[in-house]
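Here the chain labels run A, B, C, D and E in written order, and each chain numbers its own residues starting at 1.
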């Protein structure tokens, strides 16, 4: 396995892997048990991960290795664990607008049209109407949905729904965007499109992203770093730097080679007979 | 665009593109109108396609170019069109077991378990119980579902569902397998797995396949020939031979190059502003 | 498009013809049966007599007054039972304890026919409108509660989480997510509740002499005036169909448009 | 796993305790209210008296006989109305013409209170069990038909096509695809139909004096024996809860297991 | 063959006949309860006639059943008998005998302070049913005393309401008075602290007015006059036996009520009720006509005065009475 050396990156504002300023999000020695009457699963075992501001981190790993569990802890959806989850210097105690989540299933409100969905978080916060409209317009333009702002959710295709979810997350100007396999349910072509779009959105607004996937190619196309996890118990096996120029496309030979490197790491994470088929 | 020359193929029994025996399935000068009170869509305009026995044909094209319409005509689901659809020398008049269909959505019967679903077509035909069991066991083994034969549909992952659909289709020993974007709703990894599996199943049992997709890479990995369609009205733009050795994997550079060639053909099929997002 | 609505198309015309034809055939058959006197004409009247009774009772205002009074009671009873039912449903869905305890009571009371409430209604509320409305209430509240509970139970946790990460407080969660998400099942519950309320009202109006369709039905029966009974039945059927088509049909269409097919 | 079913776990024990505690509290409060006589005992009997009446009427066999007679009528009426309702529902779902014509009639008849059917029941069936069962039938058939129609309407065409390409004939399609696919909505329809059937039975049993819970209720009312009225109400509630939990609860669980969550 | 040959209107007396007889499990229906229990009915009707009984809760059901051909004869109150006759256009329902007279009283609450008719102003009186005998009697009596009910522009609140509910409301104090039939009148006194303000007997000549009739369907009367005659003989004989053995009769009636409804009347109630009513075979036709006139005056019988000309068919009764050496009754 050959890790390609750091060959210059676009977006010079990003912190490099070498210098280590105060992390935006720090997960330290996190362990998480799921206890049911029948068994006790150690979903995360002493996991430590530091995310720097404006960084794009991808987490890959086989099904059941604890990717979602880790993300839920970072989001504040799950608050019952051992260890320390710190965000901007303060411990995470619950869900908050600063940490927006884009879920795998399109978690949009079906009774609201696209515009109202994107506006939702702003309304909760009591942002004045004029300002709300402005922000929503900007976000819809960013994800290429301006023409569909009055459409209802069930009138959208899967890709459009995930775009809308992204816009809704971005609208509240979160400090970090947590994405849990947001493109897993999409067909390959739409997925390719959205990968490109996410890259460009991220380049333009420069937010921090924690991106869970089990698609290796996707991780390599999107990430500054790819975190490889191993299951039973859930642990971080390796963190791989992706020093490729952006934007990256799926047919790049360099992407294919780095994907092969990540796949190599994944191959040794241990047999997992069934979860392979679980989506 | 560079078409790589014929570099030897596995499975010598397959008819080559040059010699032209009696086709298994012949669609000749097919035109299809959809007439509603508001408009008249020409979904297919004088489409002619001949499928040879044991051939694997992939149809790609942007949304709305008539891929599904063509497949429905071949399946006998749609019988209202102009032109001639001939299967094994006789005109197609309705649905039949000889032409099994694998649908995009998992069209399995939720009240039956996996085994009973696969058995369904055999039962309708009155195959004796002993024999049924044997066939079903073989098919389940073929798609790696033997261990899940008693599972209910909602307990399966998306990939397992499509596997089960494939087994159900194969169980009736169809003369041709019609597949309408069978992997479109799956995540990329499962999709990769199933592509590999479909290739090996096809190589082993040597059935004829007509495979609709709008994923170019998938078409190149699977097909002997790739039919590129163009929309408004739906027409066949080009048929590209894929002379690669099997099994083919997504990270092959040759696959990437041929995919680029097919993409080039697709780029010129005309602007289609919205359907891009439709899944 | 617009023109196609104003000028009925050939298909619409044919459909109308078929429907009208069917009802004409039904009435003709009825008339024939009435004429041949297969059954006693005192119990199976001819349509002519029924329509005559309908005309008389419309002319003397009995039906209109009764309709108005009944609808008034229905609306009052229904609105109250909707609010109560929703509250009960939400409570039993939100609290495990409430579900284990009150939930069982709700289920039990739902199976009580309206007629069992009559003596208690009179005892507790005397000869008042309240007594009738109480019967309506007991007839439909629990059915609405059960629907509301099922609706809230079926709420996808995903939406709750989405709202949470967008910064919703507990109150905002109920106001902006839980309630709107329940609308489709609420519409179903309201439809069923209406059906129960309407039937309960007919029972409730037998409590004492008051203006109302249920009472008119009773008068018809006490006088053994089958023409009148049939006439009132026709009115009740008409109201039932009208409410279903106009109110719930529209609500369902709206839900389908807004929430998508899956939800309706 | 098996052992956890036989030996109740701590949680199950706690749950049981809570439920029992709740009902004990309710009865205690009821008893207190009865003792303090906030309302005249004539209006609001104490639980002791109600249970005494329950005991007496169980001991002399009245409740058991009534229960048996009522359940018999209910089952017969319900089974017939299920078959009829299903047939009507399938017919109106399958044929556009039937839906336009009979569909409207079904909707209208569904809104008729059971009491309106009493004269016709006697006319057509005399003073017989059949007459009572007819009233039950009219009360629940149309509700079942409406559910069945909705169920078949909601059938995904995909499954029909899948069966077709697997070689199903028209008959096989109905037998092996349409019917099983409808089971979840059928269970819902059956549940609602049962509720209507039960209520209609109470009306039907007033047709003439006969053994049955509805008659016992009437006796209690005529005797102004509020204890007896409450006792019979308790019996009706118990039957309602038992049927819901044992029959429909299981059916729903089975549907959930077989058809998946989405369908139930 | 012989059936068809027989002249229409009278079946041969030897032909087996089924008589379907309706009644209420009520003190005012003493003859069928007693006659069926002590065998008089079976004996008089003979082995050729099979008796099937049906018990009812309310008059309209009886008429429905008779219209539907489900019963042939029944004991019933005067009101449903009239409406049945009127609704059938005089074609069905014939009164062939009386059964009970009197047994309707105006009861007031002991503490209501009502002592004279004018005290009813502003008070609430219950009657059993809109337009029935007691309801008509109450309203007519009020008018005679210079008062009017609310429906006729007055200030007395006359409320038709089911007897059971009336008792409950009377006890609760929501009603100050009730014009009630037996056994409710007695129950109002015993259970509701009521007292008799007026016995309706005081308003009628000889204190006689009809409470219960025996009716038959016109068709049955035409086809089986012999059977009807036997029924009347049984009816008259039972009436005589009841009047000769009141204490025994009371017990048989209560046992019969218990058998049907599974709940007997308390002894005090049946004793009180018995005192206030009279068992008779006389239909007291004049009282029916007077009651109908009052009802018409109050607007309960439609716009055209009903013609009750053929409602009575008393020839067979008079034949039986004559045979038994009793005084004949008049229409």
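Here is the rule we use: a residue touches a chain if its C-beta (ideal position, glycine included) is under 8 Å from a C-beta of that chain, and two chains touch if they have at least 3 such contacts.
What you see is a predicted model; the values in this text were computed from it and never measured.
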Steps needed, at minimum, to go from chain B to chain E via contacts: 2
Top-ranked pair of chains - ranking by C-beta pairs in contact: C-D
Reference chain B; chain at largest CA-centroid distance: E
Where chain A and chain C are represented by their mean Cα positions, the distance between them in whole Å: 49
Whole-Å separation of chain centres (CA-atom averages), chain C against chain D: 18
Inter-centroid spacing, chain E versus chain D (mean Cα positions, whole Å): 39
Computed distance of Cα centres, chain D from chain A, in Å: 50
Overlap residues in chain B, where contacts from two or more other chains coincide: none
Multi-chain contact residues (two or more partners), chain E: 64, 67-69, 164, 168, 172
Residues within chain C bordering two or more other chains: 39-40, 43, 118-119, 123, 221, 226
Footprint of chain D on chain B - complex, ascending: 75-77, 94-97, 99-101, 103, 105, 107-112, 120-121, 123-125, 152-154, 168, 172
Interfacial residue positions of chain D with respect to chain E in the complex: 40, 42-43, 60, 62, 118-119, 122-124, 126-127, 206-209, 216, 218-219, 221-225
Sites on chain D touched by chain C in the complex: 15, 18-19, 22-23, 39, 42-43, 97, 100-101, 104-105, 107-116, 118-120, 122-124, 143, 192, 195, 198-199, 201-203, 206, 214, 217, 220-221, 226, 229, 232-233, 236-241, 243-245
Interfacial residue positions of chain E with respect to chain D in the complex: 25, 54-57, 61, 64-65, 67-71, 163-164, 167-168, 171-172, 187, 191, 260-263
Chain A-touching residues of chain B, taken from the complex the two chains share: 157-160, 181, 184-191, 193, 214-218, 251, 253, 256, 259-260, 276-279
